[in-house]
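Next come the structures, one after another.
Across the two complexes that follow, subunit A remains constant while its partner is subunit B and subsequently subunit C.
Showing the complex of A and B:
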C-alpha cells in the first residue's frame, strides 16, 4: 500500500459538512400518501405497547423525550383511527431506572399480565443485553429505541428473531467523533479521556482510539478518567485532565451527568485550555444545554440526530416532525424522540405492507418479515433495518456547538454538521464477530493508517 | 436432639405447603414465576435473619453472598460450559461460602454499627471488582446464564421458557425452599440456635456461661452466607443474567427491607416479607413511575406504625383478639 493522505482517506469515507441551505420558498409539504386501501377485516381491539425509558434520575433528561416522541406518534396514528384505521395504540409506560432485575420482571409482566403486542423504548446499553434474550423467550415483538451496545447483536442475541433496534450501533459514536476530530483538529497529539465507567464509556473510548490512531498517527493518551455512571462530581477528573496538559479532551459522559460535568468544567476554564470532543453531549433534551456551554466544540448526538438538521426547508419530514413535537410538548426533540417516533412509523409501515400482501390483521411473523430489511424515511433521514442482525442504520452525524440568539439554549450549528455514510464506519454484513466489537476489528484490519496530511 | 415443630406450627405450615404445590395448576404462569422470585428472596431473607433476628447482627453486606451465588453460577457456565442446576447450586454455594468465610472472619470481631459498616464496605469491594474487571465479569453487561437442566433433564427443544420457569423450575425451587426452611427451623431451635439468641440478648452473660461468642457468631455468619448464596444461585436462571446490580449495597438494603417488612422477631416474618416485597416492587414499578416513592412510603409507615412487621403485627392482633374472646 502506498502513502495514504488524510485528505484522501476522509474523502473516501464520504464525509460531508452540511452547508446552510436557504429555506426554500413555499409551505412545508405533507408527505402523507393517499389513504391506503385496507384489505380484509381488522379487529378494533387496542394495540398495546409497553414503553420503558428513564423517567427518574439523571438519565431522564435523555430518556423522557423518548416517551414524548412515542406518544406523539401514537396520537398521530390514533387520530387516523389507529393502525390500519382500526386498532388504537394503548401505551403502558415503565421506569427503566428500576434496575435490570426489575426491568426483566416488568417486561414479563407487560407481556403476560397486560398482554402487550409490542415492547419498545430502553435507553441504557446495560439493559438491552438483559431484556433482548427475555423478549426472544417471551416471543415478544420488540423494537428497542436505543440501548445500542454492539454487544447485543454481537454476542447476547447474535441471531435475533423478535427483537429490533432503531438507533445507530454504539461503535459509530466513537468513530464519528474521531473522524470529526481528525477533520477539524488534525494537529492534536496529547489526548485526555473522561468516560462513564461502564460498557458505553469503554466502547466510546475503544472506537475513538482505534479510529484516531488510523487518522492521526502519533497521538498519545495522556489521561483516562472513569467516573461512575450517575456521578455528579467531576472535579477530580477535570483537574487531573487539566494537569495532564492535553491538546484535546474526549468524553462520552451523558445525560444529567454531562450537564454537571460541563458546568464544573467552566469553573476551571477547562474548555479554554484544550479542544473538546464529545460523543453524546447534545443527546439530552436540547433545552438542557445552557448558553454558558462552550462554543465551537464537537457536541455529539450519539451519531444519530439533532433537531435542526437536516435544516429547515431541506427535508420536509424533519420540519413537520419538529413543528409537531414543539406544538405538542413546547420543547424541541432529541435523538431519542426521533427514534421513538420513527419506531412507531416503521411499525405502521410494516403492518400496512403486510396487510396489503395478505389482508386482515398480520400476525407477528408477517410484521417481522416486513421489518427485516425495511427502509423508511424518517425525520433524521433514511433508515435501513439490516435483515441479519435487525439493527437500524442511518448516516452518522455530529456537529459543532453555537449560540444562536433565536433560541434560549445552545444549539448545534446547522451549517457545519458532519455527516458520514454509515456503511463506511461500521462492520458490514458477513464480517466475522470480533473482540471487543466487530466494527473494531473491521477498522483495525481494513482502514489504512494515514501517513501525511 | 432434633426439635420437632409444635403442632400449632404444623397446622399452619402443612396446608400452606400443599397450597404451594397445587398453585401452578390454579394460577397463571406469570404469577407462578413471580412467586418463584419471591421464594428465592425468601431463602436469602431466612439466612439474613439468622444474623439479625437470632444473633443480633445487622449486616448491610448480604448482596455480596447473593451476588457471589449468582456469579459462581455464571463462572461455571463461562469456564466449564456446564448448565446443570445441581452444578450451579454447588458452584454458587462454594463461591458464596468462600467469601462469607473471609468476610465473616473480619466482621464478627465487631458488633452493632461497626459490624454493619464493615459488612457494607466489604460487599462494596466485591461490587467494584465485578464492575471493574469487565474482561472477567462482563462489567455492567453482566454474564448470561442459560436455562439449566434440572436433575439431568434439560428443557425440551422448542419448549416455552416461561412454561419451564413456572412449572418445573418452580417445583425445584419450592422443594429446596421447604428443605431450607426446615433446616433453618432445626438450626434456630437447636442448642446452637439458643446460644445465638443468648449472645443476642446478652453477650457478656453468654460468655460467662461458656458460649464461645466469636466462634458462634462466625458459624452463624457462614450459615447465613450459604443460604444467601443458595438464593443467588436459584435466582440467576430466573433473570437469565447476572449484573453488578445485585452486588451493590442497595440490594443489601432490599434484603434488610424484606426482613423488616415481614418482621425480624419471628421465624416466618422474613419469608413473608420477601414474597410480599417482590410483589410490592413489581407492581409499583409496573403501575407508576413514582415506584421509589411507593416503596419509601411503605418503609416509613413500617418503621413508624408496624415495627413488628407483617407477621409480628398479625401475631399481636391475633393475641389481642384471643384475649378479648
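Showing the complex of A and C:
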C-alpha cells in the first residue's frame, strides 16, 4: 500500500478542529415544527417511565445529571399536555447503586408491578449486559442512556428488538483520545497509563493502544496503573508514573476519583512533566472541575458532548437546551444530561411519527419501527440510531482544557474542539463480531500503520 | 534512595489514615464486642464535615483559620458517636450479635443517604489546605508537604492513644472493662459510661482520619464503605480488638499496597487480600489476636 503519512490518514478520517463561530444569532428561535395534528383518539392515562441511574455512591456525579436531563425533558413534554398532547410522563426512579442482581429485579418489578411503558437511564457498563436480555424477555421497550460497553450489542444482545442505546459506544473513547493525541503530540513515544480496574478502564486502554500503534508507530507503554474504581488516593500511582519518565500520561479515571487524582497530580508537578490525555475527565458535572486544573490537556467527555459545543449562536438547539437546563437546575449539563434529554425527545418524535402514519396511540412495535434508523437533531448535533444494532451514533468529540474568566470552573475551549465522524472510528454494519470488540478488530485489520508524519 | 524514601512516605501516608479508621474500629470491638459496620460512614461524616466547613462555610478565609477548623470533622464524628451509642446500640446489648450487625449495617446505609441529602451528590473539596503548604524537594522530584502533616498526625494519634490506654486511669478502666465487663461492673465501674466513652473515642478517631485526609482526596459518596473494607483487612491482619494489631496491620497494608502498585500493577486489587489470606492461614486470629 506504499507510504502512508499521518496527515493524509487523519484527513481521511475527516477529523476537524474547532469550528468558525457564527456571529451572534440574536434571539434564538426554537427550531421545532409547528404542532402536527394528532390523529385519532389518544387515551389520557399517564405514560410511565422507569429511570434507573446512580443516586448514591461515587457514580452519583454522573447519575444526578442524567436524572436532571430526563426530568427537564419530561417537564417540557408535560407542559405541552404530554405525549401526543394527552399522555403525561410519570417517572419512577431507581438507584443503580443497588447492584446488578438487584437492578435486574427492579426492572422486572417496574414492568410487572408498576406497569412501566419505557425503561431508561443506566450508567454502568456492568449493568446494561445484564439488563438488556431481561428487557428483551419482558418485551419492555428500553432506551439506555449510557452503559456504553461494546459488549452489549457485540455479544449480550447481538440482535436487539426492544432495547436501544443513546450515547456513543465505549470504544469511541479510546480511539478518539488516541486520534486527538496523534494530531496534537505526534512526538510522544513513552506512554504511562492509569485506568480504573473494570471493564471501562480496560476498554479505554485497549482501544487507545491499538489506535495509537497505528497512528504513532514506535510508542511503548512504560507504566500501567490499575486503581480500584472509587479510589481517591493516587499518591502511589502518580509517583510510579512519574518515575517511569513518560512523555504522555493517559487516563480514563473519572468522577470524584479524577478530581482527587488531578489535585494530587498538581502537587507533584505531574502535568508539567508530561503531556496528559483523558477519555472522560470533563464528563462530570462541569462545575466539578476547578480553575486549578491544568490547561491545554486533552480533557475527554466520553466522546459525546460538552455543554459549550456546538458553540453559542451556531446550533440553536444547544443554546436552548443549555439555557433551559441552567434555568431549571442552576448548573450546566454534562453528556449524561444531554443523553437523557435526547432520549425522551427521540421517544416523542417516534411516537408522533407513528401516530401520523396509523393514528391513535401507537403500540410498541410501531414505536420500535420508528426508532430503528431514526435520526434526530439534539443539543449535541445529529444523532442516528443504527437499525441493525439499535446503537446511537453521533460524531465523537473531545477538547482541550482552558480557563475562561466568565466561568467559575474550567471549561473546554470551544474553538479547539476535535470532532471525528463516528463512522470512521467504529466497526460498520456487517463487520464480523470480534475480540475484545468488533471495533478493535476493525481498526486492527483496516487502519494502515502510518510511516511518516 | 530518593525513590525508596518516596515509596516509604507513600506507605506511611496510607497507613496513617488507615490506622485512624481501623484503630477506632478495633477499640470499639475490644471494649464493647461490637463490630461497628457503620464505622466507614462515620469516617465519611468526618471528611464531609471538614470539607464543608473548609471549602464552603469558610471558603476564602485565611489558611491559618482553615487549619484551625480542620478537626471539626473529628468532633462531628465524635458527637455522632455519643448520640448513636445510647440510643441505637445500648438497647441491643442483651440480644444476639446478629442484631448488632444488622443495626450497624442499617446505620451504614442510612448515613450514606443522609450524607447525600445534606451535602449533595457532587464531590466536596478542601484542597486549599492541601495546596497551601506547597511541595518539598526530595532528590530530583517533589513531594506534597501536606502528606507529611497527615503522617505526623497519624503518628501522634497512635502515640496519644497508646498513652491514653496504658498511662491513664481511664485507660485502666477501659482495659478492665474490655477484659471482663461483669467483673468491672461488680467493682463499681459504670459500664454504660465506659461504653459511650469508648464508642465516642472510636468515632473520633475515624472522624479525624476523614478530616485530615479530605484536603488531599476530597469527599465523595461511597468513600465510607470502601474505607470500611480496607479497615477490615487491617483488623483481620492485626487481630480484632488489638490497637497494636491495628497499627501493625495498617503499616503492612500501606507497604504491601505500595509494593503492589509499583511491581504488580495489574493485580493491585488482589495483593492486599492475598496478604490477608496468608496471615490468616498462619495465624487465624490475626497477628495480635486473642484466639
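The rule we apply is simple: the second predicted complex is superposed on the first by the 448 of 453 C-alpha atoms of A that agree within 3 Å, B and C clash if a C-alpha of one lies under 4 Å from a C-alpha of the other, contacts with A are read in each partner's own complex, and residues count from 1 in each chain.
As a working rule, a contact is a pair of C-beta atoms (placed from the backbone, for glycine too) under 8 Å apart; a residue touches a chain by one contact, two chains touch by 3 or more.
Note that this is a predicted model, so its numbers are computed, not measured.
After superposition onto subunit A, the modelled positions of subunit B and subunit C overlap sterically. By the document's definition of touching, of the two partners only subunit B reaches A:100; subunit C does not.
Contacts of A:285 after superposition on the shared chain: subunit C is touched, whereas subunit B is not. In the superposition on chain A, A:56 contacts both subunit B and subunit C. In the superposition on chain A, A:134 makes contact with subunit B only, not with subunit C. By the touch criterion defined above, A:88 lies against neither subunit B nor subunit C after alignment on the C-alpha atoms of chain A. Look at A:324: by the touch rule set out above, it reaches neither subunit B nor subunit C. In the superposed model, A:314 makes contact with neither subunit B nor subunit C. Shared-chain residue A:233: touches subunit C; no touch with subunit B. With both structures placed on the common chain, the touch criterion links A:202 to subunit B but leaves subunit C unconnected. Considering which of subunit B and subunit C touches more of subunit A, the answer is C. In the overlay built on chain A, none of the stretches 7-15, 97-105 or 187-195 of subunit C clash with subunit B except 97-105. Subunit A residues in contact with subunit B (one complex) as well as with subunit C (other complex) are 55-56, 197.
The touching residues of subunit B, when paired with subunit A in their complex, are 28-30, 33-34, 37, 131-132, 134, 139-142, 144, 160-162, 239-241, 243, 245-246, 281-282, 285-286, 289-292. Subunit A makes touch with subunit C in their complex at residues 55-61, 63-64, 97, 197, 223-228, 230-233, 235-237, 239-240, 242-243, 255-257, 259-260, 263-264, 266-269, 284-285, 287-288, 290, 292. Put simply, subunit A touches subunit B in their complex at residues 55-56, 93-95, 98-102, 104-106, 108-110, 112-113, 125-126, 129-130, 133-134, 137-139, 149, 151, 156, 197-199, 202, 229.
Chain contact summary for the complex, subunit C toward subunit A: residues 3, 6-7, 10, 13-14, 112-113, 116, 121-123, 125, 127, 130-131, 134-135, 141-144, 146-147, 213, 216-218, 220-223, 226, 257-258, 261-262, 265-266, 268-269.
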